[in-house]
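Consider the two complexes below, in which chain A is the common component and chain B and chain C are the respective partners.
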Partner chain A sequence: MDHFLYFFTFQDSSIAFIVIGITLLGIGSAYVGTFSFLDKKALLGDAISHAVLPGICLGFLLAGEKNPIYIVGGAFVSGAIATFLSSWLKENTKLSEDTIIASILSIFFGFGIVLLTVIQKTGNPEMAGLNQFIFGNAIGILEEDLWIYGGLAVLIILTLTIFMKEFSLLVFNAEFGKAIGYPMKSIRLLFNVLMILSVIIGIQAIGVVLMAALLITPGAAARFWTDKLSVLLVLAGIFAVISGIAGTYISYVIPQMPTGPWVVVSLSLLALISFLFAPKRGMVYRYFARKNYLRKTQNEHILKSIFKATEEGKSGLTIEEIYQLYPEQKKQSLKSIKNLNKDHYLIVNQNFISLTNSGLTEAKRVVRLHRLWESYLNEYMNIAPDHVHESAEKLEHLLTPELEALLESRLNYPKLDPHQENIPRDHD
Partner chain B sequence: MIKQVENPILEIHDLTVSYEQSPVLWNVDLSLPAAKLIGILGPNGAGKSTLIKAIMGLVDHSSGYVKIFDKNLNEVRSRISYVPQRESVDWNFPTSVLDVVTMGTYGKLGIFKRPGKKEKTIALESLEKVGMSAFAKRQISELSGGQQQRVFIARALAQEADLYLMDEPFAGVDMATENAIFELLQNMAKAGKSVIVVHHDIHSAMKYFDWMIMLNLHLVASGPKDEVVTEDLLRKTYGGKLNLLTQVNEIIRQKDFNPLKN
Partner chain C sequence: MISFDQNAFLIIVTASLIAISCGLLGVFMMLRKMAMTGDAISHAVLPGIVIGFFVSGSQRGLEVIIGAGLLGILATLMIDWLRKKAKVQLDASIGITFTLLFAIGIILINIFAYKVDLDQECVLYGEIAYLPIDLWITGSGMSMGPRITWLAVLNLLLVLGFIRLLFKELTLTSFDENFGLALGIPAGAINLSLMSMVSYTTVSSFEAVGAILVVALLVVPPAIAFLWTKELIPLMKLTVLLALLISVLGYYLAFWLDSSIAGMMVTVAGVIFLVSAVLKSKKSKFSFGTQEKEKSFTH
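Here is the complex of A and B:
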């Protein structure tokens, strides 16, 4: 708890600095990442984040120390080469995109590890910090490095905001952009530069291996919650910042703990929550929506069976008769009867069940839709009367009042369905 | 039957286009009159979309040139509007109908600048013309196929151009929408705009177009509807691909390089 207060009250100015840095970094990379996620180029981000490693090592070798300018420069050059290579190979060979990305990722990363080993053999005392570039260590960042990464993050955020219209056009319909005379190739180039830079700003805090997660996961998780680009970008930024700070806090509390993996763990948690609980797209929502639909189907089946009994001159059905109609679903049937009774659609007298007035109207509606649909299939789609029942059994629960009106007018308010059964209406 | 015109709005001179390894359009040579509703017809894979893309500079030519309003494309780009195929974009992209239509104003607006009130008004008017005003605030992912098509046409209208090039605007559209859009296009032609439409249904083509271009890897015909829609020319267009031309394409493809390209 002491740690917690000390960390989040920012008594230590260097912690405040790091948190500001992580916030900028999170917003910047989530911003770029959301666009590349929408552009379906998520794998390219992964390739770039692995491909910057050899550049970092070469930068270190050239400078002989952990000079941030050399390291950022080296990372940029090798990231750019990887990006260029992937598009060149795609245009000039018959290799598929996934093959190209997978090869570039592993070749560059392998080469980077070779260089890292070489540097370790030299015994340069400065190299101790170099391992941090793999999994990241936010707490270990020096203040002067923070200025560079933070500055780059601000640059990324500003550029994306200024060119929002152009980047949206690039992702949504680049061909149209070209047709109206926009320099789409330059815009794509600028976007690729931003993508490389957004990987670079995270190399020290998050590490090259896991930076791809911070690029793509926030946008992917936020997509569950919204259909609006502006909301999507804000939400992705918030997700990235929350997990960035959580990761930093953990690596602050536990010594020797790398930041990157914890950022990814908190991000995954946010993604999991989105996947499960987001309205409309979330699993839980969809589960309940499906369940509701099934319940509605069962209720309507019960109403329908009682209505059919009244057509045969009975005044209702006993529970046993209903069980016999749906022998597999006794429990559900009983539940449906209880619910329908509660909604005043049914009268349950001892074991005998009959329809109330509103129940009759509702039952007629379902039977009417069923028989109208059968008539439509038979008349307009030339389907034989003995083949129309199955489809109507499903669609009677789906057809909207608008479609009902359309069916009625198309079929000219028919009296009978293809089986010569009466199509019931409210005024009968 | 290829009819050339004086003062054409669009002149295509000896245009050959190749994709990757094989040619898709052979030596197309035609000129088109202004203020007409013009249809491009032909079977699948005849090169209809490619012709439009070549006019818009979206695919490279192996040879030949295109002149629009007697000028090069780049000089008159703001006077041309292009409607790509509906399937060419991801309709799950998180954006609204109004935002997509506003893209039509981007050409005149230029890079850097953000669309303002004027652009929004143009976009809303364009939506009105295609009967989609009520959908302005909707997300594009909620639209049906026919509505998506109307949105694309509204975007083209927002470009306020003189020449419209539309790639299969009737694909996946119901009859009522097709008739409504055709009437809109006819009115545009009456108002002096030129509209070129890639289309595949010969029946509605006969009903609405003034002029027709018939393609089957090469130009079969270009001229007023009554003169080019003959049994002979229809057979040449739709009667299967020319056997010899297909074989030549196949040889070029197997060579792994295309001698027609440079």
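Here is the complex of A and C:
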């Protein structure tokens, strides 16, 4: 708890500094990552993040120390080569995209490992700092380095915000952008540059192996909460910042713990929460929505079949007759009957079931929608009367009162459907 | 400088065995467009390896193999679950799965650091160079030679057996899953068994070449071969040849530069890959791309 208070009250100015740095890095990477996620190129980020390793090592070899300028420069060059190679290979060979990405990723990483072992053998005491790039160590970032990485993050965030429209075009409909005269090739180039830069700043905190998570997971998680691009970007940024700070805090408390894995675990936790509990898209919501819909369909089918029995002159149906109509769904039918009885739509007299007044209204509504839709398909779509039933079976549960009114007026309040059956209305 | 002694021979043989096992499985992964899933699995087995280590107390335990196998299958199922049930797009499902599992693995290594003789570097690039001193000693105290070489032999035998046994099924489901299903081949089960073989191969090889570089051996030799041929049998033969070639060249270059052998094998493979890609590109843009354009004008 002492650690917690000490860390989060920012008594130590270097902690405050690092938290600000992590916040910027997280937002920058998540921002770019969300665009590449929407572009369905999320794994290219993974390839780039593995591919910067040889560049970092070469920068280190050239400078002879952990000089951020050399390291950023080297990382940028090797990231750029990897990006160029993957698009060149995609255009000019018959290899599939995933093979290309996996090849580029592992070849560059392998070469990086060669350089890393060569540096290790030179016995340079600064070597220890290089391992940080593999799993990330936010606490280990020096203040003067933070200025450079933070500055790059700000640059990325500003560029993306200023050219938001252009980048949206790129990820949503590049062809359209080209057609209305945007220089899509330059925009793609600029985006790739930003992507490489965001990888370079991101690996400070999270390391090359896990960088993909910082690019992919915030966007994927935020996508479950919203359809609006601006909200999506803000949410992704927030997710990245929360996990970035959580990871930094843990490697502050337990010094030998690398930051990266904890950032990834907290990000994944946020993602899991989103996948499960987000409204509308979350699995829990979808599960209950589906269950509700199924129950509604069951209920409406029971009401409909009793109504059809009354059309034939009976006053209702016995439970056995309903079972015979839906032989596969005895249990559900019984449950529906109980529910409908509780809602006062049905009267259950021993085994004989008939409609109440409100039940009759509801049953008429369903049958009316069914037959209106059949008439509509027949009249406006010229579909033969014997082909319209299937579609109406589905639409009778979905048509809203507004659509019903529209259908009625379009069809001019018809009396009969294409099968010459009466279309029931409340006042008859 | 360049020597050919018993150690060099053992290392090259072991590296070749591992590269061949990976390459043969990789051919099928590539044909199924699952190269990135292979990448994901090789990252994802890490927590299984660490837990297996922890439970058995040594890296020789069967628990390690079982743990990694289970995690490999878990990764495949998790990708599937995210894609189909949670409706996350495929590339993101792969990215989320492998980063999470790998992160858990690294955390476990740090938590169990005092109990498990396994460090981050070993996971990254293995150490095939120490292979000749890591011997398999039988109960009676007789030395049977390097342990990892035996593991690689067993691995290759199992991979060969697996491919031979399921050759028809693997081929059919790789090219046309629906046709396979129509013939009554359980495509899902075949897929899972292929993934299990990939996870097992990853574990069996990770001590030698590291979990991440296994990906390179899975993906790159088949990709090079695919640039030269499209037929399955030549594809597999070429992959085997490439595996041998990169093992020999990789070893001697690494020896010469005093660097990681596994990393050098991948680098050699990368060079061959790029040269092949330039030679076999649809139109060799670098040399006569512009000339052809001019020709079409004069026609």
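Remarks
Simple rule for what comes next: the second predicted complex is superposed on the first by the 314 of 428 C-alpha atoms of A that agree within 3 Å, B and C clash if a C-alpha of one lies under 4 Å from a C-alpha of the other, contacts with A are read in each partner's own complex, and residues count from 1 in each chain.
The working rule: contacts are C-beta pairs under 8 Å (C-beta built on N, C-alpha and C of every residue); 3 or more make two chains touch, one makes a residue touch a chain.
Everything numeric here is computed off the predicted structure, so don't read it as measured data.
Once the two complexes are laid over each other on the shared chain, residue contacts for A:A63 go to neither chain B nor chain C. With both structures placed on the common chain, the touch criterion links A:V193 to neither chain B nor chain C. Within the superposed three-chain model, A:L232 lies in touch with chain B and out of touch with chain C [touch as defined at top]. Legend: residue contacts after superposition of the two complexes on their common chain; A:Y182 is shown touching chain B, with no touch to chain C. Once the two complexes are laid over each other on the shared chain, residue contacts for A:I273 go to neither chain B nor chain C.
Of the two partner chains, chain B is the only one touched by A:N173; chain C is not.
In the superposition on chain A, A:I162 contacts chain B only, with no contact to chain C.
Residues 40 of chain A are contacted both by chain B in one complex and by chain C in the other. By the touch criterion stated above, chain B contacts chain A in their complex at residues 56-58, 74, 77-78, 80, 82, 84, 88-90, 93-96, 99-100, 103, 106-107, 111-112, 114-115, 139, 141, 155, 159.
Interface residues of chain A facing chain C in the complex, by the touch rule stated above, are 37, 40-43, 46, 85, 89, 91-96, 98-103, 105-118, 121, 131, 134-135, 209-210, 212-213, 215-217, 219-220, 254, 256-258, 260-262, 264-265, 268, 271, 275-276, 281, 283. Within the complex formed with chain B, the chain A residues making contact are 38, 40, 162-163, 165-166, 168-169, 171-173, 175-183, 223, 226-229, 232. Remark: chain C residues 30, 33-36, 38-39, 43, 82, 85-89, 91-92, 94-96, 98-100, 102-104, 106-107, 110, 113, 120-121, 124-125, 210, 212-213, 215-216, 218-220, 222-223, 226-227, 230, 254, 257-260, 262-267, 269-270, 273-274, 277, 280-283, 285 touch chain A in the complex.
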